[in-house]
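Before anything else, here is the set of structures, which you'll find just below.
Both complexes shown next keep subunit A, but they swap its partner, so subunit B is in the first and subunit C is in the second.
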Partner chain A sequence: MTPDNDNRRWRAGLLGLALSTAALAAHADTGGAAAATPPSPAQVAGQTQDQSQPRTNSTADKRIALSNNYAGNAWRQQMLAAWQTQTAPAVKTGVVAAADAFTIGENQPTDQAAQIQNLILQGYDAIVIDAASTTALNGAVQEACDAGVVVVSFDGIVTAPCAWKIVNDFHEWGREQVDYMAKRFPDGANLLEVRGLPGTFVDDDLHQGIVDELEHYPKLHIVSSVEGDWAQDVTQQAVAGVLPSLPHIDGVLNQGGEAYGVAQAFRASQREMPVIIFSNAQDELAWWAEQHRKNGYQSIAISNAPGIAVVAFWVAQRILAGEDVPKHLTVPLYHIRQDELSEVLAHTPKGSVADQIFTRADVERLIQQARATQASAPEPSPAKAQDPAKTPSAAEETQP
Partner chain B sequence: MQSLISRPWLWAWLAAIAVFALSIALSGASQAGGLLYAALSFGAFAAIVGIGQMLVITLGPGNIDLSIPAVMTLAGTLALKAMDGAPGTALLGLGVALLVGLGCGAANFALIRLLRLPPIIATLAASLLYQSLAIWSNRGLRIKPPAALADFATGRTLGVPNVALIGVLLALVVWWLLERGLWGRWLLATGQNPRAARLAGVPVERVRASAYLSVALLAGLTGFLLASFSGGAALNMGQQYLLLSIAVVVIGGTSIAGGFSNVPGVWGAALFMFLVVSMLNAYGFDAGARMMLTGMIIIGIVIAANARRRRA
Partner chain C sequence: MTRHSISPRKLLPLISFSVLLIATFALQERAMSYLGLNLLFNLTIPIALATIGQLLIIMVNDIDLSVGAFVSLVACVVSTLLVQHPWLGWLALAGLVLAYAALGALIHRFELPAIVVTLGMSFIWGGLALVIMPAPGGTSPEWLRALMTVKPPLAPMAVVAALLIAAAAHLLIMRSGIGTVLRGLGGNSRSVARAGWRLSGLYALTYGLAGVFGVLAGLTLVGLYTSSGASVASSYTLLSIAGVILGGGEFIGGRVSPIGAVLGALTLSLAGSLLAFMHISPDWQIGAQGAVLILVLAARLLFTRREALL
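Take a look at the complex of A and B:
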């Protein structure tokens, strides 16, 4: 083969790659606009005309962009849909000039860094980021800050000091699961722990929460721990494989999105169904409701609502309006209790994930709370979000 | 005896049996049935896509299909969407999944043949398209399979998981085609030396096309089965099968340089890959140790299998 020919081949290959990446990005960009199902607000009631009088500068001419690193699962799809449906009214009523969503193709930090540079050039006033890496984007983020762009990271946060960081308290998520099990099994229990993607800070943090809380309950034992990668089929496989070697299991702790796979594995093994902690996936919740009808099965659902993207949007808007917003904000976890289950299910489209709607008023409350904790505890604060030592520095993408 | 030892598939099966025995030593013999049942169920998915990957790898250096996960996701998504949980639509869903597989296979081969792209680039680029189509078509909504289909996929016949029966049946068909059929001879000849094969009158391009169509067809079928088995298609459902499909081929004793296929080895390796993770889980290793041990065990088996082949 002549070098020329070879060269052409490669160029054709790169072209093909570029084309398909562009195709992916293009359709992802349209985000929720094309979504067949509008996200169903669990608490849509609170979402009403809260475009209250701006206390600070107008942001009517400001443009906000969402830079998203991944779209390949239901959580991300719901996140994009929430962004779309919640920011569109803000654009329409002139609170901001634009709120555009951009998704890169393959969850690559390099792609996302390039995308952020593009967004700077396009003159956005704020960039809201769900980051592919906590550290690899810091260069691009710093460039944005230097150019006077407000950067707000959420879910997958960045460590660059100039960026705002909006996170869920994953440690708390782990602790709450153990507390629930302790309440259900005061005389002790055998627990199975399903972990997420190894090496990510979400997995470490959540696991640490479980370990820390278990110290208070010597009668609860984790008899096995498997890795589910936050994917239902992977979880089903891992649990099915380990079950034969395990004693009776009373409860299953997990990290969200895998409970249905756990239930399937237990069903196939013909064991007694344990108490499984659920998250916000509709198929899990529907299964839970069905079991509850059949035999009074009781549990709880804890998750990180995809609506956190909307929190990030309003935070960016408040910063652009000149408000002084603390750099770290912790968004409360989303709980669904037994008595709320049917209500939530009625509002959640089949096969989607239940979401929590954060309004502008909610976000302002969050900001005030964060400010209060900051003021009351300027020293190493008990609130985790303000504690830099605990803010994890190494991690990849966060929860699916 | 000599001929038995020199079989490259032997090592995958020996490893699977050894790992099985170690697991049983921990959990007690009463659990052997449960573990074997789980291994057959989950091994079947890896075995079916592994057999497809094996056909492509047999074509010789550079031939590989990296679009398997995306084809699985697209086929599963579209099939479950077409059925929409309605009873009596299982065959419709199967048809959709197989058509998606065929279409993806044809697209892959068109990219390779018409644009002269290296397969590794062509299938990777195409997989981005398939994944995008899957996202776009359903926005990640999880539709339940029809109840009867779900019962079939998770059910058993004569104590054997139905998905494993399908996997074994497919393995037998492919094995027969390779060992006894003309097409199999052509495939092996193409993999050993495409030029010599062409000169000998083998329709090399048609053979390549059929291999790429087969792998995509099998991936589509696996996507359909897996989605029915696990209660719906998820956008990330095929992820683990990218590396797994290649690993079972290599561990199974198929030559990565092409020209030599090994069907029984793929099944042995598929069982092994499931059992080794289960065993390490059961013994309570953490994620890091588990990955390291898995990697070391795989390297060990590949070395053992290759050393035997050289001597033989």
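Take a look at the complex of A and C:
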């Protein structure tokens, strides 16, 4: 390198420095000016104080964004559709000014953190998050909170203390399955348990619910347990593999998304069809309805409804309105009973999942319940919502 | 051409960055504030550091396909070992830098293609990261989090850090004596050898320095995101190469520009934000970043041709 060349490079560098300094000077000028242009983050920051004031302010000028990490399965598609159909009327009637949904291209926490920071810059008053990571977004979430933006996480929650967390009760899901079996088989039964992705929070929690509830029913026995990974094909293979070595099976407990695979395995083995607990996948429900028509087959479906996104939306709206909302909310599980089956099925497109619609009133009731339980138990929140567990990946994979 | 003129080709990184910055400010005036500039650029700091690491390797006519995996591994070490046993953590990081240096010596000694060796190493780094951290998580050391969220009086952290990185890299690579020798390695390694330098040592030094910048990238990443995972920085490999090229670097001949590389990294992330502000779907963002790269390279080709004619 000649000194001449070197010198020129150095000059280019100097110019770069000069420009950056100019940019800095510009920022120093606009730092004050920005505060005057509504609604700057600085101004939004003022609103955190509003929350301490008693009740509901108008949210007509508030903008809410959905930051979603993944859209590649039926559950997520239904979740986005629910957000769209349920928030559009709220925007139309002027409850909020905007409710825009953004999904990142790849399920990467780094991408989602950048997206959240861009949403802060765009001046959204609240950001609703289905997170790619429970912990890796905490930096960006903290930036949002510091800028006065309300952050509500659901399904895939974040652990940042300033964010609201909305989850399903997977432990209850396990308990309800056992309760149903106890009702169907008061004289005792052999049960087969199909488990989800090993090592995930959802699998552990749901299994623990089953184990805990089984203690109340000594006549129910789990004779075998297989790993189905929340996928039909994996489940069918696993169940077909163990069936020859098993005694008569009366019922099958599972975690959602496996029921159709279980049914296929039993049909192939020529065994009597057990009572299978279903979830909200359309193919399972269709099979259930067909069996019911043919031979009066009876069961129940339990699942986590994608409509939880709408709960998160209304929670964000209530917080923006100044309401004091508990940081942890548990959304009830979605049940489809035998008598509702045909109606639910009629509304569920092929290849999709059935969904539960949460209205604003439902969400207000949820908030009140959470407040009541919070008041009765001063120690905050169910432990599972705080658990830095693998909820996001797990919850998203729960769905086939 | 006179001694004092600056060729437009060298100004290109600055021009492309300025154009995007002005467009961003025009679209989103909130970005034009202390807080805004920080939000716009803070997540780019680790990428800028990784880009300087990549630049060092490209400077000696090699290419490093393991940057992303290496930074991820460093992040995993930082968010677990460095928090629980600081001494052991620092030792591990020093070990990683030494491993990088050894790799450089090895690549030169046996005349191995760096592209293959680093590709292979990326799987080793990735595997180690998975051993340390099977599932994403971990925490940031307190001091690191404090450092990455510091609010300096005049300019936001992101801008100060970018200036510091650019200045330090410029002094090290363009101004210092050893930097000149290392650049000579990419220009004509034989003449460097004739001048009495031990080439293996120089390659080891180059790779070792790249390792240091990789470690810095991992540290800042954890400070910003507060946790890590085995593939948290997987996109850094391509981003760092793109940053170097966008910043005026060439794949051969030791022609690189550290300041340009930092600007290149900032430009790439700015392109992402700009597209978000324009409400363009994220599906298009990777493609759009590629388009920016092609545009800048096309412009550079034009300038180079004209320079050649003059």
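A few points about this structure:
We take it that the second predicted complex is superposed on the first by the 323 of 400 C-alpha atoms of A that agree within 3 Å, B and C clash if a C-alpha of one lies under 4 Å from a C-alpha of the other, contacts with A are read in each partner's own complex, and residues count from 1 in each chain.
By definition in this document, a contact is a pair of C-beta atoms (placed from the backbone, for glycine too) under 8 Å apart; a residue touches a chain by one contact, two chains touch by 3 or more.
Not measured: the values here are computed from a predicted model.
In the superposed pair of complexes, A:255 makes contact with neither subunit B nor subunit C. In the superposition on chain A, A:317 makes contact with neither subunit B nor subunit C.
Of the two partner chains, subunit C is the only one that A:139 touches; subunit B does not reach it.
By the document's definition of touching, of the two partners only subunit C reaches A:102; subunit B does not. When the two complexes are overlaid on their common chain A, residue A:72 makes contact with subunit B while staying clear of subunit C. Once chain A of one complex is fitted onto chain A of the other, the partner contacts of A:110 are limited to subunit C, with no touch recorded for subunit B.
Within the superposed three-chain model, A:121 lies in touch with subunit C and out of touch with subunit B [touch as defined at top]. 9, 12-13, 16-17, 19-20, 23-24, 27-28, 34, 37, 105, 199 are the residues of subunit A that lie in the contact sets of both subunit B and subunit C, per the superposition on chain A.
The touching residues of subunit A, when paired with subunit B in their complex, are 9, 12-13, 16-17, 19-21, 23-24, 27-28, 34-37, 71-74, 76-78, 81, 105-106, 195, 198-199, 224-227, 229, 231-234, 236-238, 240-246, 260-261, 264, 268-269, 281-283, 349-352, 400.
Of all the residues in subunit C, the ones that touch subunit A in their complex are 3-7, 10-11, 14, 18, 21, 28-37, 39-40, 42-43, 135-139, 148-149, 154-156, 159, 162-163, 166-167, 170, 174-175, 180, 183-184, 187, 224-229, 232-235, 257, 259-260, 263, 269, 272-273, 276-277, 282-283, 285-286.
Of all residues in subunit B, only 23, 26-27, 31-32, 34-35, 38-39, 41-42, 111, 115-118, 121-122, 124-126, 128-129, 131-132, 135-136, 138-144, 154, 226, 230-232, 234-237, 239-240, 274-275, 277-278, 281-282, 284, 286-288, 290-291 touch subunit A in the complex they form.
Every residue of subunit A that touches subunit C in the complex is listed here, in rising order: 1, 4, 6-13, 15-17, 19-20, 23-24, 26-28, 30-31, 34, 37, 40-42, 102-105, 108-111, 113-115, 117-118, 120-123, 133-140, 142-143, 147, 199, 388, 390.
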